[in-house]
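We call the chains A, B, C, D and E, going by the order they appear; numbering starts again at 1 in every chain.
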Amino acid sequence: MEDLAIKILGAVLTTIMAFTVGMFYGGFVRKLTARVQNRRGPVVYQNFIDLLKLQSKTTNIAHGFMHHMAPIWMIIASLTTLMFLPILNGNLWFPNISFHGDLIFLLYMMVFGSLGMALGAGQTGNPNSAIGVTRGLSQMVGFEIPFVMSLIALMIQYKTTSIQDIMIAQNESGIWNMFSNPFAFLAALFAMFGMFRYSPFDIVGAPAELASGPVSEFGGKYLGTMMTANSIFSFFKLTLYVNLFMAGAGNINDVGIVATLIAIVILLIKTFALYMVPVFYGWVSPRYRTEQAIRYFWAWPSALGLIGIVWALI
Amino acid sequence: MNSFFLILLILLAGAAISFALGKISSIISGTVAFLSIASASVLFFTQLKNNTYIEFPLGEIQLQWGIDSFGYIFALIVLGLGSLASLYSISYMQNKERTGIFYFNFVLVITSMVGIIFSQDFISFFIFWEIMTWSSYLLIIFNKKDVKEIGVKYMIFSAIGAYSMLTAIVMIKGNYNTFLISDAIQAGAFNFTNNEYIPILLLIGFAVKAATMPLHVWAPKAYSNSPMSFTVIFSGAMSKMGVLGMALVLVRIFTFNANNEAILPNFSPIILQQTLAWLGAITAVIATLYALMQDDAKKLLAYSSIAQLGYITVGLAIGTKLSVMAALFLAIVHGIFKGALFMVAGAVERQAGTTDMTKVSGLIRKMPFTFFTALIAIIALAGIPPLGGFVGKWMLYESLITESNSYFLVILVFFSSTSAFLYCYRFLFGLFLGQEEEATKDVKEAPITMIIPMLILSVLLMVTGAYPGILFDPIAKGMETIGFNNVTWDMSVLGNIWGNSVNMIYVWLTIVIVFIAAFIFLTLKGLKGTRYVSTKDISTSGEIPLEHENLTFQINFFQPFRRAAAPMYKRSMDKIWNEIGSGLESLFNFTRKIYTGNGQTYAIFVIAFLVLMLLLKDTLFLN
Amino acid sequence: MVISPVHYIAVPLLAAFLIPLLSKFIHKELARIVPGIVFLYSIFISITLMLQIGDKGIISEVIAGWQAPWGINLVFSPFSGFLASLMSIIGFLIWLYSYNFKKIDKEQSQKYHILQMMMVTGAIGIVLTGDIFNLFVFMEITAITAYSLTSFYRERDGAEAGFKYLLIGSFASVLILLAIMILYTQLGTLNMAEIAQKSHLIPTSLKTTIIVLFLVGFGIEAEMFPLNGWAPDAYSQSPGPIGAAFAGIVVKAGVYALVRVIFTLFDIHGAYDFLIYGGLITMIIAETSALAQTNLKRMLAYSSIGQMGFVLMAFGIGTHQAIVGALFLMFNHAIIKSLLFMSGSYLTYNSLTKQISALSGLGKKLPLVSILFGIGAFAIVGLPPFSGFWSKLYVLSAAADKNMLLLIMTILAVSIVEIIYYFRVVSTLYYGKQNPEIEIQKPSINAMVSMIALGITILVVGVYPDVITNLLENAATALTDKATYIQSVLTQNLPIN
Amino acid sequence: MDNLQIENNILETIKTAFKVEGKVVREKRVEITAHKQLISSILLFAKNQHNYIHLNHITCVDWIEDGEFEINYIIWSPTTKNTLIIKTRISRENAQMENIDNIWDQANTYEREMREMYGIEFPGLIGEHEFILEDWDEMPPMRRDFDTLEYATKTFYQRPGREDAKDVREELTKQSGEEIPEFAKKYSREK
Amino acid sequence: MTITENNIKQPIGEYIQNWARKHSLFVLAYGTGCGAIEIPPTMTSRYDAERFGIRGAATPRQADVLLITGYLATKSLKRVIRVYEQMQDPKYVIAFGSCTINGGMYYDSYNTINALDRYIPVDVYINGCMPRPEAVISGFVELQKQIASGNAYNATKYKENLEWYRENQKKIIKNWRMPDYNW
C-alpha cells in the first residue's frame, strides 16, 4: 500500500517536475534567443504567462471530436513515455513504471502524440494544417532512421533494450556512451534536431507560409494543453538522451534526499547542456525544405548510425 | 457423420443455396451464406477436437484430413473473419447484381480455406488451394474493372505459385512415395540435404499468396478491385494461407538446421533464410513506399497489406521462437485490423460511392462508428501502443535485435514501419477528416450489419492489446505442433531473451488514467465557451470558402517525401514483369507464325521431318 | 444375339447403306435418327463387352471366320475397348448435339450424319482391329470422311482447309502403306500380334525405317509437330460438332495407332524418348501459338494439338502410371474438348469470324452454355476439382517418379500459358462489355442434354476420380502387357492343334 | 536621323499597309493612331511581320470632353527592342471594342479590367464580370463622370472634423491664378 | 478576496487572469495597408516588443490582438470582419494609422472605408501616417492598461450591439455570404 502511495506520489512529482522544467527551458530558449538577437526578450517565466492566458480564454473553438481529442492524445503520449522512463538512476521516487517498458516501446509511444496531433489537425479542415502534418510526418520518417540506428547500436552494445540497464552499465564502466560510441551519439544528436523542430527543421509549423501549420486552428485551452504536453515531452526527450548517452543522473547506491536533490541538479545541468545543442544549431541555420531535411537525415546522420552499429558490433 | 465432412458439406450447401437464391434476393442469399459460415464455425470450434484425423482413399491416393493446433490458429482467422465478413456483406452486397455468383464464390473460398486447414496430405491441400485460387479469381474480376489486366495477372502468378507447389508435391511423391504431409516431414522432404528444390519450390508457391517480392505484383490491384467484403477475406485470411505453408516449410528447415545436422555445402538454409527475410523486408519497404503514394483508399490498403505480409515473412524467415511467434501473432492481428480497414473502405464505398481520397473527405461527422473502427484499426496497423498491432511489431523487433544478427534488417523493417505512419494518416485523413465534400453531403452511417462486425473487430484489437496472451495460447500450441519446444508466453507481459519486457497492463493503465484525467479536464474546462464549428470555418486569411469549394489538401499528399525518396520510386517490379511478359508474347507470336496457313509449307514440313527422321533414325531408335 | 466387336463395324456399315434407301422410301427424318440408334447400339455393345472382359480378359473376334494370323481380326482388350467405348459415347453425344443443329441445313443433314457415323466407325475400327492393313483401311475411312466433313460447309475456306487436310493426309496414307509393305515383305504377315512376336527378325536398319514411316504417318493423324499443319484449319473450318469429333475421336485414333506401333509392334526405348520430345515440342509450339489467337475455334484447335502433345509425352514416359495418366488425359481431352467445341460453337454461332471478342458479355445471355464452357475451360487447364486435374497429376507424378524435373517444369510452364488464354476467354465471356447487336442462338434441348452430360461427367470425375481409374488401370495394363496381348490374340483364334 | 532608321521603317511599312497615321516619338518608340476596326489587323501584322510578340499593356484613357475612350495597345518586340503604341478611340456611349485575347492570351486580364473599370464591352470575352471589385453595382468607377467623393460620402461614414477634405486643384488654381477650363468646372467637386 | 491596483478593485482570480492576458498578447498583424511595414521593426531587435510579452500569432485562433495596419479597402473589410469573428474571447483590436480613423488620404476613395470603429470595435487607435514603432508600443501599453483595469470590454460591446455593427457592415458588403457565428 505504502509502495503504491509512493509510486503515485512519485508519478505526480515526476509530472510536475517535467512540466516545470520543460516550461522553464522553453522560456530560457526564448530569452537566450532574444539575447543573441540583441534584444532584451521576454521574462523567463513568459511561457507560464502564455499558458495561463491560453487557459483563461473564454471562447474555445473546436472543429469536432478529433480536434478536441488531439491535445489529449498529446498529453497521453507525453505522460506515458515519461512514466516509462527512469528519471533518476535507481531512485525510489522517480523510476515510476520504467521497468515495465523498454526502448522499442518508447520509440513507438513517442509517435502516439504526433499521430493524435495530426488527426486533430486533419479534422479542422484547414489545408495549412494538413500540409504541415504531411511535412511533419515526412520529416519524422527522416529523423527516425538515424535515431533508430543509434538505439540499435546501444542495444547491441549492452545486450539490453532497457534504458535502466544502459544507464547502470554506463555508470559501472564510467564511460558515457557519447564517448564510447560517438557515432551513435552523433546520429542520435542529429535526429534530435529534427525531433525538436527548431530551425533548420521548422518547416512543419512555418508561421509565415503555413500559418503555424498543424496547430493553426488550435487556440485557447487546446493550444495551452498542447503547450503543456510539448513541454513535458521535451523534458522526456532530453532525459532520454541523457540517460542513453550521458549516463543519466544519480547513483543507484545513494538514494538519500540530499543525493536525490544533487542528482536532480545534475540531471538539469545535463539536460540543459544537451538542449542548447539544437537551439544553438537552430540559431545559425536557415530553414530546410522538407525533402532537403529528409535527405539531410538520410545522408550523414544515417551513415553515422550505420558506423555506430558496426562500432558496437566490434 | 464425420464433422470434417459435415463442416465442408454445410459450407458447400450454403454456397449452392446462396447461389440459387442470388436471383431472388441478395439479402436472403447473403443471410444463407452468413448462416452457413457461422454454423460451420460453431461446429468447428465446438465439435472438432485437436489432433483428430481421418483417412480415406481417393483415386488410389490415400488422403488424410485432420486438425492440429497449428491449423487451429488459421482456422481462427478464416472462420472468425469469414463469419464477420459474410455478415458484413449482407448489407454491402445489397442491391448489387449477380450476388448469387458472389456468395457462391465467397463461401467457396471459405470452404477451400477450411479445406486447406483440414488437409494433412498434399493432394487435398493442392485441390483446395486451387479451388481457392479460381474462386477468388472470379471474385477479383467481379467488379468488371480492368478484368484483363487484373485477372490475368492474378491467374498467372497464382499458376506460377500453384505449379511450383505441384512440382514439389509430385517430387515428394517421386522421392518419398507419399502424399501425406506428416510422412513427408518424417522422411525429411523439406530438408535441404535431401533435395533443395522441394522446399524452394514450395516456398515459391506460398510466397505468391503471401505476396512476397518479386511475386507481389498481382496483389495491389487484385486486393483493391474485388468487392470489399471479399477483400476482407482476401487480405485478412487468404494471404495467411501462404503464411501457413511458409511456416510449415520454413520451420521444418530451421528446426532441422538447429539440430546441427549436415548442411549442404554450397547452399545452406542460412542463405535461404536470409534471402527470404530480406525479400520480406524489401517487400515491406517497397509496398509501403507505394502505399503512401496512392490516392485510392482501397489501393492504399492493398499495398499496406503487402507490406504487412512482408513483416510476417521476415518473422517466419528468421525462424527463432520469438520471431515465429511474432509472425503468427501479426498474421492473426493483421487479419483483424486489415479486415476492419477493408470493411471501413467498403462502408465508405457503399455510402459515399467512392473511396478515391481526392473525391471523398470529412466523413467523420457522418460516419462516426466507421471512423472509430478505422481509427482503432489504423493505430493497430501503425503498431502504436497499446493495441494488438504493437505487440506483434514489438516481438518482431525484439526477435530481430536479440535473437538474430540481422541488425540491418531491423533498419529496413523499421523504415517501412515508420513510413507506414504516413499512409496510416493518409487513410484516416483522406476519408474521414478535412472538409466535407459537397457531393457527400447526404451520406449516412453504414447499416448496422456492417457496423457490428467492424466494432467487434475493433474491440478485438483492444483486447489483444491488453491481453495478447489470448492469442499466444493457440499460437504457442501451434508452434509446439510444428516443432518448437517449450514455447513460453504470458498473459500480458511481452519479453525477449535478454530479459527485457513490456507489461501491456501497465501501459493500458497509464494511458487510460491519463486519458480520463485529460479528457475530463479538457472537456469540463470552459465547457460553456467551447463551440463546435463547421470545417468551413477555418482561418484562411479571412477568405470565405464557398459551399462547393473544398479546401482539403488531398492531391500530391506526400510530395516532399516522394521527392526525397525519388530514387526508390524509379524502378518497379511491375514494369519488369510487364517487360518479361511482352517479350514472351512476341516470342509466342513468332511460334504462331510457324503455322503459315499454306498447305505447301505444311507439306514441306512433313517431307522435311520425314527426311530428318530417316537421317536420324539410327541414333534415335537404336539402343 | 451374340454381342461381338464385329457389330461395331458391321452395324454402322449396314446402316450407312440403308440410310439413303430408308430416307427415300420411308421418311426423311430417318436419315438423321438412324445414326443415333447406331451409336446407342455401339454404346450398348461397349457396355456389354466391357462387362465381359472383366472376366475373360481379351476378346478377339475374327471377321469372316478366317483365323489369325491370316484372317482379319478385331481385338477388344481393356485398352482398345476403353477407347472404343469412349469413341462411341462421344460419337453419340456429338450426334445428339448435331441433331437439329441449325447450320447443318436440312438437305445436307443426311450426308452429314452418315459421314459422321462413318468417321466414328472408322476410328473405332482403328482401335479395335488387330490387323495392320485393316488399320490402314479404317484410317482411310476416317480420313476420307474427315476430309469431306472439313469442307462440309462448301465455302472457300472450308474447301481450302479440306484440301490441306487431304494433302497432308495423303502423305500419311502413302507412308503408312509403304511401311506396311515393307513389313509384309519382311515378315509375311499383317497381324499385329504376330508382327509383335516376330519383330526381332527384321533387320535393324529396316526396322528403324519402318518405325520412322509409321511414326510420321500416324504422327500426322496424331497431330504431332511439325506434321500438324492441317489441324488448325480443319478444326476451325469444319462444323462445330465436327471439331469436337476431331478432338474426341479422330485424333484419339491416330494416337492409338502411334502408341500401338511403338508399344506393341516394336518395343523400342528410343521411341519413348522420341515421344517425349515430340510431345513436348508439339505442346510448347501449340500452346504458345494458341496464346496469340483471336479466333475461338483456332484457339481450341491449337489447344487440342497441345493436349495431344501432352498425351504423347505421357505415353513417352512409359511407366504404368504414366500410361494411366495418358489414358486419363485422352479421356479428359475427349470429353472436355468436345464440350468446349460444342458450347463454343453456340457461343460464336452468329459470328462470322468466330472472334473471342464476339463472346463479350454472353455469360448473361446464354448462362448455361457459358457455365458449361467455363467448366470446360477450368477443367482443361487442370484446375481441381475438375477432371483435368487428376490426369495432370497422374502424369506429373509419373514424371516425378522418373525424376524428370525439367519436364515437369516445362509442362507446368506451358500450363500457365494455357491458363492465360483460357481465362482470357472466360473473363471475356463473363466480364466483357455486352454487345447488344450480337444475336444469340439458343441451343436446342438435345444439344443442351449432350453438353450437360459432358459437364456432369467432368464434375463427377473431378470430384470422384475412382469412377474411371479402375478402367484406366486395366487399359494401361493391357497396353503394356505385350505378351498377354500376343498370346491371347494368337491362341484364342488359333485352331486347337 | 540614322539612329531612327528601324523605327521609321516600321512606321513606313505599317503606314503603307494600313493607310494609318503615326509618328516616331523617340528612339525605340513608335506611335500609331488607327481606326478601331483596324486594330486587330495591325496588331497581327505587327506581331507577325515585325516580331512584336509581347503585349505589354492595354490602357484606357477617358476623354470625357470628347466623349471618347482612348485605348492604347502597347506592344514590344524582342528583336528590335522596340515599343509600338497603337492608339484608337471609341465612343463612350455603348463603348465596345474588339476582343483580342486570341492574339495574346494575357489581353484577357486587361480587357476584363477595362470592362469592369470603364464599362467597355468586349464581345466574346471569357471570364466573370466581377473581377477586382466585389459586389459593385454602380457606374464603373474609373469613368470620370463617376463622383467618388459623393459615393464615399454616401457609402462610408465620414468622421466629422476633417477640414482638409477639399479639392486640392481648386486651391492650387486659386493660388497660382491659373484658369480652369469651363468643361472642367463641370466635374469640379466644390459646387 | 480582492486586490487593488491603480485604484481598481478586482477579485484575485480576475486580477491574475488580467495580469496574464496583459503580459501575453499574441498579435495577428493584418497587413492591410502600408502600415504593415512598421511591424517588423516593432518586433525585432530595435524596439523588441517581445519584452512586453507581445508575440506574433499566425492565425486568428491563437491571437488575442488584431492589429489593423492602415487603410482598409471594402474588399479587405470583409476579411477583417471574418478574422475578427474567428478570434477567441477575450480579444482586442488595435487600429493604427490615420486611414483607420477617418480615411486619411483616401477619404474620398470609392473603395476605402473611412472609420473602422463603425464596423468592428476598436480598443486602441494609434494616430499617425504612419505611426512609428514607439507609437505602436505605446498603443500596446495603453491596451495593457485597459486589460489590467478590466476595461477592455469591446468584444462584449460588439456582441451586444451586433445588429448595429451588422447593419453598417452590410451597407458596404452587399453580398453577405458570411457564415453564421451564433453569437
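Rule of thumb we're sticking to: a residue touches a chain if its C-beta (ideal position, glycine included) is under 8 Å from a C-beta of that chain, and two chains touch if they have at least 3 such contacts.
In this text the structure is predicted, and so the values were computed from the model without any measurement.
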Listed by label, which chains are in contact with subunit B and with subunit E? A
Give me the fewest steps it takes to get from subunit C to subunit D if each step has to go to a chain it touches. 3
Taking each chain's centre as the mean of its C-alpha atoms, which one ends up farthest from the centre of subunit C? E
Most contact pairs found between chains A-B
Per-chain C-alpha centres versus the global one: which chain is nearest? B
Per mean C-alpha coordinates, the chain lying farthest from subunit B is D
Can you check how far apart subunit A and subunit C are, centre to centre, with Cα atoms defining each centre and the answer in Å? 79
Separation of the C-alpha centres, subunit D versus subunit E, in whole Å, is 40
Once you find the CA centre of subunit A and the CA centre of subunit B, what distance in Å lies between them? 37
With chain centres defined as C-alpha means, what is the inter-centre distance between subunit C and subunit E in Å? 97
Provide the list of subunit C residues touching at least two other chains, using ranges where the numbers run on. none
The positions of subunit B in contact with two or more other chains are 529, 531, 534, 536-537, 539, 541
Listed in rising order, subunit A residues that touch 2 or more other chains are 57-61, 211, 216-217, 220
Hey, which chains are touching each other here? A-B, A-E, B-C, B-E, D-E
Considering the complex alone, what residue numbers of subunit D touch subunit E? 133-135, 137-138, 141, 146, 148-149, 151-152, 155-159, 161-162, 165, 189
In the complex formed with subunit A, which residues of subunit B make contact? 362, 364-365, 368, 375, 379, 382-385, 390, 393-394, 397-398, 401-402, 407-408, 410-411, 414-415, 418-419, 421-422, 424-425, 428-429, 433-435, 493, 496, 498-503, 506-507, 510-511, 514-515, 518-519, 521-523, 525-526, 529-541, 551-553, 557-558, 560-561, 563-565
Subunit B-facing residues of subunit A, complex: 55, 57-66, 68-69, 71-72, 75-76, 79-80, 83-84, 97, 100-102, 104-105, 108-109, 111-112, 114-115, 118-119, 122-127, 130-131, 133-135, 137-138, 140-142, 144-145, 148-149, 152, 155-156, 159-162, 165, 211, 216-217, 220-222, 225, 289-292, 294-295, 298, 309, 313
Considering the complex alone, what residue numbers of subunit B touch subunit C? 57-60, 123, 126-128, 130-131, 133-134, 137-138, 141, 144, 147-148, 151-152, 155-156, 159-160, 163-164, 166-167, 170-171, 173-175, 197, 585, 587-589, 591-592, 594-595, 597, 599, 601-603, 605-610, 613-614, 617-618, 620-623
Using the touch rule from the top, collect the residues of subunit C that touch subunit B in their complex. 160, 163-164, 167-168, 171, 175, 204-205, 207-209, 211-213, 215-216, 220, 226-227, 229-230, 232-233, 268-271, 273-274, 284-285, 288-289, 291-293, 378, 383-385, 389-390, 393, 396-397, 399-403, 405, 408-409, 412-413, 415-417, 419-420, 423-424, 427-428, 430-432, 464-466, 469
